[in-house]
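Think of it as A, B, C and D in the order they're written, each chain with its own count starting at 1.
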């Protein structure tokens, strides 16, 4: 078996980078560019990476693009409400049919994530540049492979509980923030045939996606979320009675 | 502590009973009436039961009714699409804020359930009057207390996998059907502050809700799904940094 | 239904209190005495509390005592290896048959807990008197009812991940420690017919069990872990083929 | 990345085959031989398979063998009590340190499995040659990849609930038996750093391990249970306080 490369599309709202020079300085290629570069560096020919942004036609997420995407990575923050419902429907449908989805940081409030979770996805937050220490609680999980224990972010925005998502299928990471918050920072969910990973680092104001350790998590997540096989949304079906033996 | 009675609202589409005499014969008081009666018989003064149907104003689910409902039981089948989106929003909001929800049989395709699960909630089915045998796989779960092991339904519609819901928080019952299907027939989910129980019996064409054992499951579920305390939807909140000790 | 009172036995190694005056000063009635008192204060006539210690005959855990115990609370630390294997067998058997078990703090290394988990139950630790902040991540869980969010322990020993236990059935609390550790501090497990709750507060050198909030958690846990019904260990059984309908 | 081959050791009690001609006729190379052959056929150079039996020195499971085993497959039935405690300790230790374990059929009562589960692992059974229909309830799980839905065993022993194991991390398969039993037939558990898969087919009296579909499940399970990285049992460790930022 030669497993084919994982086709990743990195979606980024790309508003901070295009409107705030101080963010553009951190991410001259955009957050999507930094994430895409990290994936290519670590995974080499095991990955094919494309990018898409809010400003693109259909937000860069046409039916054709999604059909050719094994794993979609999603970063959004201040423009969630500008994402068209039609695109949200499409993303949800592809996830349920088998596309992987990696939701990052403030993407907790993105429309596709809220739709797939069925909850408010709300949380507590503050931004004081506290240190965040990320601990692996599932050491044999593929997403934690090769990740430092702990993984330290010197300065970061703080997210706190209660984070209103369903109990995850697997809890991979929990974080402690210097001000006293604990947070479930890495969680997996399966919805339909699609695998979802939520990872709470990184805020746009800190160079989180340039950290090699964070890139390692994203590379692992991209591979983990890739479900091989034909994409097929589960459908209701009337069946025939199986003949008795 | 004197725990107060659980306030249950039994919601029923009530279309089969009012349009098909053969169903009305099985359920002269409606499916909602049979369920309500069973709850009162078993729980006595530990329960206060009301009913609501599709034809009622606001489907009988006004803001006032839901605010005074600890647990909503939902039966629907052929009129899911007649349920107003506004009422679906309201039910979802109340569940996330702490109202319990018990979804029955073909309610797997009800709008509130699909909304809360985030998946298609599709499954396989056929209706050949097969025997269904329901097995408890969580013997110490409160919903299984006092329930026969196994619980046998002599004739019932058949539901089969794959049932497209998220992995449940707890799997309580699994069923075998004579034709060879297995089905996860009792599952719990927590969404927000609300507890949800899905239970796959009973189809309108069989007198399932007259079975004392089924009434026992519903009575247990009503008590289990009742979350005490103030109703409060989780909200995003900016917090202050906790002073260092 | 008049639910009868929950019969709790609080087991304590009781070695620190009888050999170290500074610990006896914190717990003049022993850790077991403090826990028992807290349960009685909060639960009143909904609980009947007994205590048992390592030095008692059969460690105070005779067959008769366990048969009359709905929930066993366990605190141990420096004398785990003095607990007789026969008593460990007995505790395990009663848990699998339906007795609840609440394991506290350094009880993570107690023989009954290791036996029931099947893992090493090891963890990281240090004792610098850091503040521990305990966050509820399952707000509708009965064990979290009425518990402050967050619950703050001004000074406590620090436990850290990786804590080698199976993924819990439910994660109720996660803690952050000022030095940067996060820890899954409240977890439930069902084994056989028995419900188990692990709670990582409190070290003997701090007056943790005098905190009203901690007493609230233990009172909630005692009620949650109480499985009604006959005690019966699951047994292998040859069955007869069910007659076809 | 060239992932190296998974090193599998298939352990079989090998008592039925050497004492009952009718079983030897079904499995002339032993159950271990049939399983090993199936793995080689499907996985080719992605697997290196060895075998070991009860009669071998140290049951064929020396420290050296286990250290060089990524995944241990276990079949046992009538000689569980002849497995030396020392070997059970060794298997448990290796699993907690990262070795995968696939436990088959009557291996539910094997010493290593009982040790790792912490429960009785008892179940209901009868042997009437009923048809068993195995349904996938986690369609995107790697162990279900390429497995027929459903997978039909024309004749097999019947296992029934309650199966006394902890709630699994993932439920992959559920079975229906013609006589009315449902059974959780494929379940995953993580213990320490080791991944465990329990799969209830196949009894020695039926040629289950010759079924290509069953071989596919075992090949998938061998790959899934293979945790890369250094083998290391979790250990308690005293840590230093992390310097404040």
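Keep this in mind: a residue touches a chain if its C-beta (ideal position, glycine included) is under 8 Å from a C-beta of that chain, and two chains touch if they have at least 3 such contacts.
In this text the structure is predicted, and so the values were computed from the model without any measurement.
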When I count C-beta pairs in contact, which pair ends up with more: B-C or B-D? B-D
Relative to chain C, which chain's C-alpha centre is the most remote? A
What whole-number Å value describes the gap between the mean CA coordinates of chain B and chain C? 33
Centre-to-centre distance between chain D and chain B (centres being mean Cα positions), rounded to whole Å: 37
Scan chain A for residues touching two or more other chains and write them down. 131, 133, 138-139, 160, 162, 167, 169-170, 178, 180-181, 190, 192, 234, 242
Within the complex, which stretch of chain D touches chain B? 131, 133, 135-139, 149-150, 152, 160-163, 167, 170-171, 174-178, 180-184
Mind pulling up the chain B residues that touch chain A in the complex? 92, 96, 109, 115-120, 122-126, 128, 130, 158, 160, 162, 164, 166-167, 169, 179-181, 189-192, 233-242, 244
Considering only the defined contacts, which chain A positions touch chain D in the complex? 1, 46, 98, 131, 133, 138-140, 145-146, 154-155, 169-170, 178, 190, 192-195, 227-229, 234, 242, 244-245
